[in-house]
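Below are two complexes that have chain A in common, paired first with chain B and then with chain C.
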Partner chain A sequence: MAWAGMNWGLFKIIYRHTGEIGLDSGWHEHEFFIFLGTIWIINSLIQTLFMANAAEFSELIRTGNLDFALLKPIDTQFLISFPRINWSQLPNGILGVMLIAHSLSELMQEREIYFSVFSLPAFLFFIGCGAVVMYSVMICLASTSIWFGRNQNLYNFWFYITNFYRYPMEIYQRSGVGMALWGTFTFVVPILVVSNIPARILAQPLGTPWKPWEWGLAAYAIIGSIWSLMASRWVFKRALKSYRSASS
Partner chain B sequence: MLESAVIWWTFFKISINERLIYRADFMLGTLMRFLPTLTQIFLWWAIYDVISSNEPNNTGAEPDGNIAGYKYGDMVAYYLLVIISRAFSSMPGLTGGIANQIRNGEVKKFLIQPVDMQGCLLMQRIAHKLVYYLIATLPFALVFFLCRDFFIEGWPPPDALAVFFASLILSFLLGFYLECCIGLIGFWFLEVTSLTFIYMLMNFLLSGHMFPLELLPAEPYNIRQLVEYLPFKYLAYFPAAVFLGKIEGPEMYRGLLAEIGWVVFFIVLSRILWHRGIKRYSGYGG
Partner chain C sequence: MPTIEIKNLSKTYRVYQKQEGLLASIRGLFHREYREVHAVNDINLTVEEGEFVAFLGPNGAGKTTTLKLLSGVINPDQGSVKVLGHVPWERENEYRRKFALVMGQKNQLWWDLPAMESFRLNQHIYCVPKDEFERTRDELCEMLNVTSLLGRPVRELSLGERMKMELIAALIHKPDVLFLDEPTIGLDVVAQHKIQEFLKAYQQEQNNTILLTSHYMKDIEALCKRVVIIAHGSIYHDGSLEDIVDQFSGDKIVTLQLHDDRSLEAISKIPNLIEIDAPKIKFRVDRDGVGRVLSQILSEHAVDDIVVEDPPLEEVISNVFSQAEEKNRREVETLPNS
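Entry: the complex of A and B
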């Protein structure tokens, strides 16, 4: 929660010095805080539902207790993904909702924001897509501990990867390296899309109606979530094949 | 005297060997450390684009606006330099380690054996840091070479460079004794996790870890002035600012003196805390 506050403070200070992040991208202060709130919600969903479980999974591998999970007549990925819920991470999400609500109300005094009955369900749906993609990334990361046999770096890796999805995609679309990053985190690991689309639904940085490419991207977000879920499933299965138990 | 030197040397050697076990993991970890900086570069690029576009005679190729005296290159260079400062001043696990030893009674060994706790820990840290620099130099050199264009002014003048290195070593001592003091509070509180957390937050915000301190607002509350009176800025901001020529001349030397003052202050404080602490100490645990 304190991290969230600090993040907020950082951008509050940045926006004292600039009006927008990314030239003509439309990410002014209120729009950006809607974006930030969206990130907080997705993050807190992941940390509430999956983070502890993924760490537990790595631990099962290290101790060899995964054997018991493999023996049970139920899908292993399902079994190890959902046993525990870490409620202590939920407040961040609530904070995100509050930040979005506040920024949105400020924004509506500034300019017109288009709302329909579909806006909220669409927002929630794409948050869901975001959670799916991030879950897939986490499963892949956790599966690697079958090969490496250690899990200390799970949280670190997680931190470094989420680093890339915490900003509007426009900031990458500037140079060769940036485009490469953008491409990687859009098409290979679609984490950028899933943070950007839900935020765009509410913040509408470029106004309404959406530009055609925004629609395309939204469609792609759905494909991306399905594809990443399938990919993570594949990685998980592959990893399980190399599992050689331990100790016992 | 000689005896304690031998003891410390032994501690030093043990710690070095301990650290050399996981070399590859270490190097990879160091490189990963630069990843967040990569996104910072893009973030600030996007910000400077906007600022530059508001300025007349903008050439458009490289953003040339400036924020609080920092051009785009300066800003990126600042973040890179802060990583160096942090490599010296950050002490992962020191506070928690001390507090843990107090809580579970391990600290007893320092009461029985003729070994000084701070001295022993200091040797450990120096050894860890030395190994770290030894291994991290390669990835660091690589990244700085790739990023050399961000250093608009090139190398600083020799006196600034000397102050830069001096302030780095001092920041190591400052970080060490500051965290030592917090850890020793464990004699009174037993549990210092929340204190550590507060310290970490303050450190993050007020040391210049997240952004150059010049960006801090002077109103409604003058935080900018406040950080000048706190020790945190020497942990990250000061060395970087000296390198970039943001602080120069008499002000630079005054800063260095103030840093020495803080180091001495925390050394003395940690001694006082230790002596008061062991009087209170009641030896829990086995």
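Entry: the complex of A and C
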């Protein structure tokens, strides 16, 4: 929660100096805080449901205790993904909901925001897509422990990668390096899409109706989620083939 | 169809050879040296339904690796295995419901929760109906005398109690095939004996196929008619326990209780003397010469009691391991330098 507070405070300071992130991107202060709340929700979901389990998976590989998961007549990826829930990470998600609610009410006083009966289900659906993509990235990272023997840097890797999905994608579209990052994290590891789409549903930075490319991006978020899950499944199964257990 | 059919099974590990010191660690970042360890080397084995087979071998012989291959935990480099008609490393759920692996050195129960919770989880994972689960659990707990411990956290159980719980957790779904990797390691003789008795009774009742690895010869003597000796990843001998003693122990141990000290003094000059504990004397005799030696002694001395027995199984097996070691050393020496 302290981290969330600092995060919020930092952007509050930044918005003292600028009205918008990216020229004509529409990410003004309230829109951006809706984006930030969305990120907090996805992060909280991942850290509550998967983070501890992924770290535990690396430890199971190192100690050879993955043997017992492989013996059970149940999908091994499922078994190692959900053994425990880390409830202490849930408050950040609740803060995210509160930040979105507050920013949305402020925004609605400034301009018109279009809502339909599909808005909330669509927002939740794309949050789910985001969780799926981030889970897939985490499983891929954790699976590398099978090849490397141990992977104590899982949290570091996670931090580096999630650094790129915490901002509106427009910030990457001003330079060659930025475009390369945007392309990588949109089409190869689609983490940018799944954080931007749900935020755009509520914040509507470019107003309504959505532009055609925004619809395309939403469709790609769904495809990207499916592709990420399939890719993580492939990496996981491939890694299991190389599993060598540990001496007893 | 045999329950377990292994053909030309091999598994080789590539092991990083790290030298001592910081410089070597830095060098290792750029140039790594590996050594190949042939954990399992071209094994062929068939086990029929209802057999209780012992897998013996020195540490690092490949026993546990073979069990892990049969359980589908690891994939082989070459060869084929069928257990109950399934290829283990395809990890079909249908196969995984039919076998269990118990490892004496590893704990698969939830450490902080009572064993009962782990049993319940296994019930759901293995889809055991509630009535059947409760019946099996109660039967097993009664056989192992641990009913009163079901509610105690696993971390508070003794090693023997924990191993009994491990066995119950593994047997809750009534597996057709059971792989036991040193299930009595570290246990005191009482706990060892209890587990031996339990395994014997359970196997007779269920007629399941069991592969057991153990370094305790008492386990092997009590439970297994067939013994497979594995050394350096290869099967060195496959036969009955009696065969092993006959084949690998050329001697018998004779203990005489003599009537007077004069006889003791005379016989004490016999070759291969083991010990004298008057009025008893213990010595080794070549198997073929037992009759001749005894008739000669009996004709010259008064003997109150005679015991002729095989050497301890530990000693026989140790001889087998030494011979296997020697054979492997010779094979390595005769390999052409490549």
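To be clear about the criterion, the second predicted complex is superposed on the first by the 248 of 248 C-alpha atoms of A that agree within 3 Å, B and C clash if a C-alpha of one lies under 4 Å from a C-alpha of the other, contacts with A are read in each partner's own complex, and residues count from 1 in each chain.
The rule is simple: contacts are C-beta pairs under 8 Å (C-beta built on N, C-alpha and C of every residue); 3 or more make two chains touch, one makes a residue touch a chain.
Keep in mind it's a predicted model, so treat the numbers as computed, not measured.
Engineer: Should chain B and chain C be called a clash or a fit once both complexes are overlaid on chain A?
Structural biologist: On the shared chain A, the partners fit.
Engineer: Should A:9 be classified as contacting the first partner (chain B), the second (chain C), both, or neither?
Structural biologist: The first partner, chain B, only.
Engineer: May I ask for the angle at the C-alpha centre of chain A between those of chain B and chain C, rounded to a multiple of 10 degrees?
Structural biologist: Once the structures are overlaid on A, chain A sees chain B and chain C at 90 degrees.
Engineer: Looking at the overlay, what does A:238 touch: chain B (first), chain C (second), both, or neither?
Structural biologist: Once the two structures are laid over each other on A, A:238 reaches no partner at all.
Engineer: Could you figure out whether chain B or chain C reaches more residues of chain A?
Structural biologist: The partner with more contacted residues on chain A is B.
Engineer: For A:20, using the defined touch cut-off, is the partner it touches chain B, chain C, both, or neither? Pick first, second, both or neither.
Structural biologist: In the superposed model, A:20 contacts chain B only, not chain C.
Engineer: Is A:211 in contact with chain B, with chain C, with both, or with neither (first, second, both, neither)?
Structural biologist: It touches nothing on chain B or chain C.
Engineer: With both complexes superposed on chain A, which partner does A:111 reach: first (chain B), second (chain C), both or neither?
Structural biologist: The answer is neither, since A:111 touches no partner chain.
Engineer: On the A-aligned overlay, A:171 touches which partner chain: chain B = first, chain C = second, or both, or neither?
Structural biologist: Touch status of A:171: first partner only.
Engineer: For the overlay built on chain A, what is the smallest gap between any CA atom of chain B and any CA atom of chain C, in Å?
Structural biologist: Superposed model gives a least chain B-chain C C-alpha distance of 5 Å.
Engineer: Let me check the overlay on chain A: which residues of chain A are in contact with chain B and also with chain C?
Structural biologist: none
Engineer: So in the complex, which bits of chain B are touching chain A?
Structural biologist: 29, 32, 35-36, 38-39, 42-43, 45-47, 49-51, 53, 67-68, 197, 201, 204-205, 210-211, 215-217
Engineer: So in the complex, which bits of chain A are touching chain C?
Structural biologist: 64-65, 67-68, 70-74, 76, 241, 243-245, 248
Engineer: Please name which positions on chain A make contact with chain B in the complex.
Structural biologist: Within the complex, chain A contacts chain B at residues 2, 6, 9-10, 13-14, 16-23, 25, 153, 156-157, 160, 163-164, 166-167, 170-172, 174-175, 178, 181.
Engineer: Which residues of chain C touch chain A in the complex?
Structural biologist: Of all residues in chain C, those touching chain A are 13, 64, 68, 71-75, 91, 93-94, 96-97, 100-101, 103, 105-106, 108, 125-127, 181-182.
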